[in-house]
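Multiple structures follow.
What follows is a pair of complexes built around chain A, which joins chain B in one and chain C in the other.
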Partner chain A sequence: MNKYTYCLYNGKRPVSWVSAILLVLALVFSGAGLAEVPNAVPPEGEHKGDDVPQPIHFPHDTHAKINEINCMYCHTYARRSKVAGIPPTSKCMGCHSVIATDSDRIKKLTEYWEKNESPPWKKVHDVPDYVHFTHEKHMKRFLFDNEDMEVERVSEVCAFCHGEVKDMEVANKVKPLNMGFCQRCHEANGGPSDCWACHK
Partner chain B sequence: MSLQNVLTNWSQYRKTHEDGGFYDYEHMWGMSVDLNKCTGCNACSVACYAENNLAVVGKEKFDKGQGMHWMRVERYWDEPDLAAGESTEFSEHGGSFLPMMCQQCNAATCEPVCPVAATYHTPDGLNAQVYNRCIGSRYCSNNCPYRLRYFNFYSYYESSWPEPLNMQLNPDLSVRDKGVMEKCTFCVQRIRVAKDTASRENQALVDGDITPACVQTCPTKALVFGDLINTESKLSKLWASHEVELGKTEQHKKNKEKRGYRVFEELNTDPCVMYLERVKEV
Partner chain C sequence: MSGNDINRRKFLKVMGWGGAGAALAGCDMPTTVTLEEGKETVVSYLMPEEYVIPGQGVYFASTCQQCPAGCGVHGRVREGRVLKLEGNAVSPINEGGLCQMGQAGVQTHYNPDRLTKPLLRKGGSLSEVTWEEALAALDEKIGANSSVEGGKVAWMTGTVSGHQSVLLEGLLESLGGAKHYVYDLINNHVAAQVNEAMYGTTRPTYHLTKAKAVLSFGADLVGVSQSPVHFAAEYAKFREAPRGVLIQVEPNMSLTGGNADLWVPAKPGTEGALAMGIAHELINNHGKDASALPSGLNGKIKAYDLAKVETLTGVPTDKVKSIAKILAEKAPSLILTGASIESSENGYAATAAAAMLNVLLGNVGETITSSGGFPFPQLDAKTGSGADLLQFADAAGKGAIDVVFFHGVNPVFTAPGYLDLEAGLGKIPFKVSLSLFADETTNQADLVLPLASALEDWGTHVPAYQPEQSVIAMQQPLMEKLYPATKGFGDILLDMLKLRKVEGYTDFSDYYAFLQDAFAALPAEFKNGVDNASFWNQTLASGFISIPKQNASITANALDIAVTLPGENINYGLSLLPAIRLGMWDGRHANIPWLQEAPDQITKAVWGSWAEIHPKTASRLGLATGDFIKVESVKGDVEVPVYVYRGVFPDSVAVSVGQGHQAYGRYAEGRGVNPLTILDSATDGKTGEPALYGTRVKVSKVAVNKDEILVQFGGSESQVGRKLAATITAEVFNRTEGA
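Let's turn to the complex of A and B:
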């Protein structure tokens, strides 16, 4: 009887001390660069998304980083709906009827506003049609039901799947958002593993 | 790893033939169909077409048995009295109707034959079909004694929903392409919404929160939907009052007048749909 069969019979996994230490070290170092949301294991995986040209070159960094506007101020529906939503033009004009009105981008925005049209924003983060994803449940689990997490720091939660959007100008897809990406996080954080929880 | 999950769920929620017991279901959605009330109007079928993005295949393909009616109303005629000179063609009397939707069997015969685990049992006691996993081997359809699984032999998107009809598609479930098996889901998208709403309001699901499209549409209220685990639900009481029990291959009724029965329960599929026999004038 060799070592492996012994382990099988014993119901134990053949883990040596060396690999155990390596595993612990790997966990420590891999966690170092990620957002530290208490009570959550962020999903792994990187992705280089294509540049999506938007009708107006929208700078996320100016809004979310420099002016520290909460993500959910504009993406209102994230807390109570499947989709996070793109803000209506009226919300942009709420500020930009007085702020930075002389910049080229805002002039373009004002044109749309006066024509009673919304800028044709392009979707950046899209999951396939057979996937049921709801922002509401994820916000509930990682933000509202998460005692150590303040609503002001919501961008750390968003960064799980959307990357550090506050460092970008026009948003870009930086996470794979495929089934492996979702599943690893669901396993680490105790999400449902039933097929029909996500597939429709 | 996800395959492992599927296989675990498979054995966890699937009632096996050796073991008559049930496992830790969260819910067990079931239905009851009163054939006395059914007028055979087909409204349930139409509602299902609208709700579940079912393709309209056209006369020719329907003739070949390729119709995609998840909810179908079967029509039966009484046997003609040949001695009295009745014709063997469609008779003028004695028609009866049987609405057939997926029976959501607890020991479903379709599940163990799927080579890719695209069909499995959910913790809700539903027999699930995962479209993007399905490779179209059609084993499940061949193994279903009720013939309630429908295969997409063609891509119907262009022909069934030409512009602007594609605007009517329900976004809560996918449009199936060719090569994929599909079946009644008890309107799982509505179950999902009801659960999400309940959890948002921090409340438990109440009987009557969920209404599948067919039940909602039935003009005579012949269909009743509910949770069989919850003994207080309208459906459970209906099952109990007609002395129909889960996990049996034959119902031993104290009162023989009770009309409840399950289709093909002797095959030990343990269906979750109860039918109430039609009382006929003699």
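Let's turn to the complex of A and C:
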């Protein structure tokens, strides 16, 4: 199998029995995909991301699921900019100067803060430099300009490309974020199909 | 392929489908190949910066420093880093345009070969020192308590203007008689002196847009000029309907020549005779009034009948006739001059002869007007000349200089080789170089002061050529310094003034404070009726201060000067044409990969040097494109690949300037050759300018050098009749599309 046949196989992937069963199981156990984002067809595609060790083992589940903190509370630039933004360390300390101050992770965070440094987080999700992706437009289309959608449910929109981060501790890449993935979603949801909408 | 029963068309068809398949399948190629997870660090802000939204660009106005034209730029800054430069649409100099050199300004700024620390020569080699040590070394040499003799201190700079010029003047004055040599390889010193004699001003304003025909003697309107973006824009307007006619006289084709309606290669050094011939034809056959010219000059013109002109210049009689006809019919016209006529052995006389045509044709006051003057002489541009270089080399050779400072020049690279400036510099005990990079001159220095880049520094600039509206252009930092131990030019000058304990300067903490004070001191009429703080902010936002031009009339007196012609040299039968192109400029941009990669406008060559030779000459010498030749003058030789090309006068060799650096970082070093190293010592008698086009050479074939082979974009200079880009003549265009 050379690289082209590999590609062609990927492009017209027949749904294999194994993945179909896994999908059904996943739907049954997680309950995800049942509460759907209105006026949207979620993009298809999976990716098995590497585990990315972070300087502080940040538990997304504690924040987003147990404490129901809105994703945009920390990733505050998602609605305004290309990038969602890693929260400034001052934002972490806003809560953690009083909350869970005796946990090891928070002690480590406080160490960074007292040295006037931000933790050197490792990048998990990225697109190549020749792709112009903007969070702002996607948030507008699926959240703010989406009539039947409540802002509180933003994590379901994030999940389109980032997976169920609220079920993860440190985030993993679980969607391929490649051109086919983008394009299928653009076709299904009426996104632009001009080359230069993204490649500019 | 023959065995598979597949022809070219079928092959392309298959490739087409295969290509499409591969392209579509490529969409799902795993991106992990290039975008590995967890490899790159994303460091968040410690505290959110007010007004900063990560991912969103903010634009700041500043002034381009890639050449002395002073174009306004807008820099896009994201997360504190400048990413892109574009022209400032409201700047009267460039009106939104920015040339490739300006665009490449970010690669000067982010260049990996930047100097990052001061260097001091200790025991023969340069070693890193702190600024305290560097300033202590300076204090010892030129400080208030030193025994420095002002007359033995020299500064050599490129074009300098604005408040940096004010500080430099203050420093020179405090040193008592220190000499300021202003040197630019690319200058219009000869034309400026002709203008001064003819119009009483060195810089009249040219209006291409009002001209119906332009006769350019080597003025590269869309390439290298006093204000490249401005003249390119003027050229574009001039060529809009009703389309102006452009005639270009030059020994080797520039991009402007390539776009001309009539391209006239004249024998190098005889352009003045051609101008006299055109005047002869205009007076005799088109009724132009000879009384507009001095009677002595009239007498001289009479000697240039067209048969004689053809013999002297190589331009056929009918071509001279048609040039004269176009100029006579399309009034007003405009005659311009450039390096190939100005920088020859009889440059002043030839330029004066060309400029005389403007008087004869009645263009003065129509397409040439007064620049209206500039109200702040202390801020006005001091433009460079080659004569200053010769004087400097002379003084250095005599041991008349003890301390020298260099800024914005690399004379060891750009000086003609015969001056042997390296040896001259050896006689100067203490040499200081203010530079961004370790170049040929900096490597000779005893003290190297690393400059902040143009995108990290404050400054004001007064463009030497001011079009319709005069400005003081504002340069502000677009980002924090990349290297904390670099310093701005103004800050270094201020440091030196403090070492000299010059009154009036010691109180300023930095150049920024000095500039703010200087702005406050500007007369109120330039401040748009607002207070000082608002005026400062307005200037930072717009990028310049508008200076209204005074309306002044212009009168001209054609100069009664005899045109002389260069002598022949049987042993060195060819003329050397050291062409200067937009991109490499005088060699200062050879360390910018974008500009090395951008093909030469005419030959499409990249990353190297070449010699353009006319097919006739090539066949006489038995040369073909790709062969290597030794180009030899009485002063030295260089070896280059040949490019056989019709756009060059027969019996000449064109080698572009800019390559052949011995030291200038990884992208420039050891690449191509520097034709300036073999220049002959010819100068223009009147102005003392070195004659760049006054060198005679011979060529001989040598072995191919595999490291320096000619690399070109595009395989063919001709369409072989296939009409890939269809063309029509200007005449047909005017009839069908024009006015």
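In this section, the second predicted complex is superposed on the first by the 165 of 200 C-alpha atoms of A that agree within 3 Å, B and C clash if a C-alpha of one lies under 4 Å from a C-alpha of the other, contacts with A are read in each partner's own complex, and residues count from 1 in each chain.
One rule holds for everything that comes next: contacts are C-beta pairs under 8 Å (C-beta built on N, C-alpha and C of every residue); 3 or more make two chains touch, one makes a residue touch a chain.
What you see is a predicted model, and the numbers here were worked out from it, not measured in a lab.
Student: With the two structures overlaid on chain A, would chain B and chain C clash, or do they fit side by side?
Tutor: In the superposition, chain B runs into chain C.
Student: So, A:P59: does it touch chain B (first), chain C (second), both, or neither?
Tutor: The answer is neither, since A:P59 touches no partner chain.
Student: Tell me the contact category for A:K173 with respect to chain B and chain C: first, second, both or neither.
Tutor: A:K173 sits against chain C, while chain B stays out of touch.
Student: Could you look at A:Q183 and tell me whether it touches chain B, chain C, both or neither (first, second, both, neither)?
Tutor: So A:Q183 meets both chain B and chain C here.
Student: Looking at A:G191, would you say it contacts chain B, chain C, both, or neither? Reply first, second, both or neither.
Tutor: Neither partner.
Student: Between chain B and chain C, whom does A:R80 touch in the aligned arrangement: first, second, both, or neither?
Tutor: It touches chain B and chain C both.
Student: Between chain C and chain B, which one touches more residues of chain A when both complexes sit on the common chain A?
Tutor: When the residues of chain A touched by each partner are counted, C comes out ahead.
Student: After superposing on chain A, which of these stretches of chain B ends up overlapping chain C: 1-9, 73-81, 127-135 or 235-243?
Tutor: So the stretch of chain B colliding with chain C after superposition is 73-81.
Student: Touching chain B and also chain C: which chain A residues?
Tutor: On chain A, the overlap between the chain B and chain C contacts is residues 80, 128, 134, 179, 183.
Student: Would you tell me which residues of chain B are touching chain A in their complex?
Tutor: 1-2, 5-6, 9, 120, 122-123, 126, 128, 130-133, 172-175, 188-189, 192, 196, 199-200
Student: Which residues of chain C touch chain A in their complex?
Tutor: 21-22, 24-31, 34-35, 37-48, 53-56
Student: Over in the complex, which chain A residues touch chain C? Could you list them?
Tutor: Those residues of chain A that touch chain C are 4, 7-8, 10-11, 47, 49-50, 52-53, 77, 80-83, 85-91, 113, 116-124, 126-128, 134, 172-173, 176-181, 183.
Student: For chain A, which residues count as touching chain B in their complex?
Tutor: 80, 128-130, 132, 134, 136-137, 140, 179, 183, 187, 193-196, 199-200
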